[in-house]
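One chain, chain A, links the two complexes that follow: it is found with chain B in the first and with chain C in the second.
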Partner chain A sequence: MRLLPLDYPLRNLGRRPGRALLTAGCSALAAALLVGTFAFVRGMAESLERSAPPRAAILMSSASMKDMVRSAISPAVADLVVADVEGILEVGGRPAVSPEIHMGSRIIVDGRPHEGFLRGVTDRAFLVHERVTLVEGRLPGAGEVMVGRLVADRLGVTADRLALGRVLRYEDADHVIVGRFAAPGTVLESEVWAPLVELMGEARREDISAVFVRVRDDEVFADLDLFTDRRLDLELASMRAADYYRELAAYFEPLRLIAWMMAVMVGLAALFGGANIMNAAVQDRLRELAALRALGYGGFAIVLAIAAEALLQGAIGGIVGTTAARLLIAGSSVSLAMQSFSLRVDAPSLAVGFAGSLLLALIGSLPAALKAVRMNVASGLKES
Partner chain B sequence: MNKSLVGLILGLVLPLLAACGGAKEVEVEKSTPSLPAVEARRLQAEPAGVQDVIDLKAKAKVGDQVVVFGRVRKFSDGFASFVLTGSAMRHCAERDADGCPTPWDYCCETPTDLAAHSLNVEFREGDRPIRGRLDGVGGLKLLADVVVEGKVAAVQDGNVTISAEGYWLR
Partner chain C sequence: MSFIELSRVTKTYRRAGHVVSPLVEVDLVVEQGEFFVLLGPSGSGKSTLLNLLAGIDRVDSGRIVVGGRDLSALGPGALADWRAENVGYIFQQHNLVPVLTAYENVELPLGLLPLGRADRHERVALALEAVGLGDRHDHLPRQLSGGQEQRVAIARAIVADPPLLVADEPTGNLDADSADAVLTLLQRINRERGATIVMVTHDPRAARRGSRAMRLDKGSLRHFDHEEAGA
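So, the complex of A and B:
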């Protein structure tokens, strides 16, 4: 089988640079959008799922319908569960049990109110939430808080307004920021952490939201469930933390679907645009392609040359699109409901964007290639 | 762009989109669960001297031999144990037959009332409940009317645990 030389599609690009640029532009748009959508969808799902501490359960109110913000349980639960259940993990000789308050609140920064998320914790929270690391400052005491790295994005303020020493006001009290924490790839980074007892007082609560419990092995989850059945007076429900955050992620499923649908629609627009341009390119070169057929090049050689030309444009567009997405999207975050998450522009999302632009270019070239194969050589040679 | 071109592109793209729709969940046929040590305690006749949960809780002492009637509200996840709720509590399907998809959660009752009218039933071997889940075992299911015969194993802060020696499904 005789094939056209490899430089033939390459030189064709240079013959009509405007048209090649347009096709590559379509591919770049599709690639960037695919990267963005993939980064958004993965960032949302994985940030929630990674927020679950490893092998942990959440004890919350049985009446809360699995909503930690609505949950209200006795602060004594944290000690009762340690006393009654064997198999709770110990970290540094202390049981990994964290009583917490989870609540939304109006947080005032420099006189302007913003909706934010507060978590009341004790120092035991660090035994449970292993991903949380203090990156600046120290742990908060009375009248103090520490903020996650995404809190500024969540509140819609610049990072310098949440620098150490600045003041946040919520629940009618001022709080000095004394620490900044990271919890990579989780939604915890969009939270403000405050001392539990102080937050209970400020929020006028005698209860807490939930108790996080880490266990030594999976069988202990059953013991925790049995504990809630034996202590009916506490009105508790036990749930694996991984299941809780998975269900939370599933709640946003319609949003993910909409994001993908938008990506598909823009991808289709890019596909039709690219196909149209390739079709026009073949139409302009019918005489040349007929001549190639007359010289003995078969239909497959022509199809291959047109596909290679489209793939080249797709690759150029893919590189431009993924680079643009990397520069513009990476490091940014999106706020949803009470929390924020980072967009994950990593190797898999870039690969999806690049592969998507190649696939669209290939599919878009097929109508033009078929047209070239189907043409009558004699009439093609007569084309002006 | 001509019609055949549009048709070709759609023909290539739509199957891809359809393929992205996700695989259908494969339904796994559930086998009837079995816990012989529990099934062996199913009684042939209803025991005498039945009390309601709230009456029993008022005077229960550890070691008392009791017979109590109620409904299964919740199965423990991993042990042969369930929460028995007294007949004074009405689940949502009894109040509004159409509205509630999960009547066994008794969401129409207040949590405090529900706790007061409930106790824990455990099928034990030694001091520990048997490992396993009771849902579907020996006719036991959510909202089943059950008479439990057994011994009071624990009384603490208004909570009562019965170690079941036998059960009768009404």
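So, the complex of A and C:
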């Protein structure tokens, strides 16, 4: 195959540095936006899906329409299910069953109210939610809470306002922060966890929201269904935790679509901008390209040189854009409804951004490359 | 022995909505090793004729045979291959690639031939030496004078040692001294390498450097008499 020297596309970038920078800038913008969008979409979907404990079911009220916040069931369900259903997983000799309250509440930090999410738990919660780890402080007792790592983002306050020893006020009572927990890649990190019994009292509830149950194998899910069918007096419904969080993720599908649509629109703007600049660059060089054709270089060599030039600009833009995205977006989180989740700026997100900028650059170069190939060589030699 | 044969060649194209016929049933024979000069006023079709016999453009009707090869029978790819091996093209505006050095510009045609790096280096060095620019390998076109740029373009045209050199107004953009040097160089290449040269010019004085000249006017060729033209 007879190709133009490899240096040719590289050195062409130096002909009009301003133009090359502009093209690379378009690519950088597209790359950064793609990283951001991908990190947002994956962070949202995966954080919800990962929040489900492995091989677990949620027992909640059959009248709650699969909404744990609206659900109200008897606190006795936790013991009843252990007594009636065999095959419940035991962790450290204790059944992995966690009775919980899930509720939204107005949380006051330094006198300013914020909407937050509370989860009332017992120490058994750690048997079920195995991703949760106490990273600082201790488990809360009466009048105390522990907070997830993303609670500050969720409430829109600085992290120092939720340091250990600081006070949160909700349900007309003050609560000292005594612990901080991590639950990487889950929405649990945006929650405030309080002792179950105390939260029931403060919220004037005699019921709980749900019971999380981990099972030894999948066949036990049928036993749980049987349990809820048999105990009509408890008005229970059983649902696999994975299904619950998957449905919750589906709730945000329109947001995901909007995010992708915005990415596509900005991508198209970058594509047209890049194509326009590339077209102008080729227009300036028509005579030179015609001369190369006259020397005997074929259309494929010309297309490849133009594509390589565009890819180089796309690669430069891609590196700048993904680096900028990594610096600016990584570690940040987004709050939606009652949940917060981290943007997942990881290798796949960066790869999507970089590959996207290359692809846009390549597609953007095609009209210019076609123009160069379809040009009549004799006419091209007369170009001024 | 004839090297180029044009038989009843006609070329028509459209310009600003009008049909222009610069060549109408043109016949021409150029002998091997000849330095043939084609004269004519602007727009007379000189460059069109040059492009046709260099395999850059195609005839509407008629036949062009160069070195025993019927160009009208070749497809675009085969024609590009044929050009790479058989034609050295010297343009009026030299058309050097501005981002490549003199050496790299001259090396361009060799990239189309099955040659090793050492062979390429030897040929490029010889070609640049032949045009008197052996010490300008690493210069970019913008670092050279107009005459030097045209000599680099000539080196590029001869580096693959093609049997046919076509030159389209090679002195058109040069001052008198540079033009004289370029024409002398072409004569030497013709004499020493035995390459057949077809040169287009509108300058009767430049035409005197060729072994034969013809004038193209109103679509047809006729003999050019230097004495008559007063050149």
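Assume the second predicted complex is superposed on the first by the 383 of 384 C-alpha atoms of A that agree within 3 Å, B and C clash if a C-alpha of one lies under 4 Å from a C-alpha of the other, contacts with A are read in each partner's own complex, and residues count from 1 in each chain.
Going forward, a residue touches a chain if its C-beta (ideal position, glycine included) is under 8 Å from a C-beta of that chain, and two chains touch if they have at least 3 such contacts.
Predicted model only: the values in this text are computed from it and were never measured.
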Notebook entry, point to check: Looking at the combined model built on chain A, do chain B and chain C fit side by side or clash?
Noted result: fit
Check: Taking the superposition as given, does A:230 touch the first partner, chain B, the second, chain C, both, or neither?
Finding: first
Note to self: According to the stated criteria, A:366 is in contact with first (chain B), second (chain C), both, or neither; which is it?
What the structure shows: first
Margin query: Per the contact definition in the header, classify A:330: touching chain B only (first), chain C only (second), both, or neither.
Written below: neither
Notebook entry, point to check: Thinking of the overlay built on chain A, is A:266 touched by chain B (first), by chain C (second), by both, or by neither?
Noted result: neither
Notebook entry, point to check: Mind checking the angle chain B, chain A, chain C on Cα centres after superposing, to the nearest 10 degrees?
Noted result: 120
Notebook entry, point to check: Which partner does A:355 reach: the first (chain B), the second (chain C), both, or neither?
Noted result: neither
Margin query: Just to confirm the value: shortest Cα separation between chain B and chain C in the superposed three-chain model, in whole Å.
Written below: 19
Check: Is there a shared patch on chain A that both chain B and chain C touch, and which residues make it up?
Finding: none
Checklist line | Of all residues in chain A, those that touch chain C in their complex | finding: 2-5, 7-8, 11-12, 14-15, 287-288, 290-298, 376-378, 381-382
Item checked: Contacting residues of chain A [partner chain B, same complex] -> 61-63, 219, 221-223, 225-226, 229-233, 235, 238, 260, 264, 268, 271-272, 275-276, 279, 363-364, 366-367, 370
Next item on the list: Mind listing the chain B positions that touch chain A in their complex?
Entry: 1, 4-6, 8-9, 12-13, 17, 20, 74, 76-79, 81-83, 107, 111-112, 114-115, 118-120, 129, 131, 154, 156-159, 161
Item checked: Contact footprint of chain A on chain C as seen in their complex -> 47-48, 51, 54, 56-57, 77, 80-81, 83-85, 87, 89, 91, 93, 95, 97-100, 104, 107-109, 111-112, 156, 168
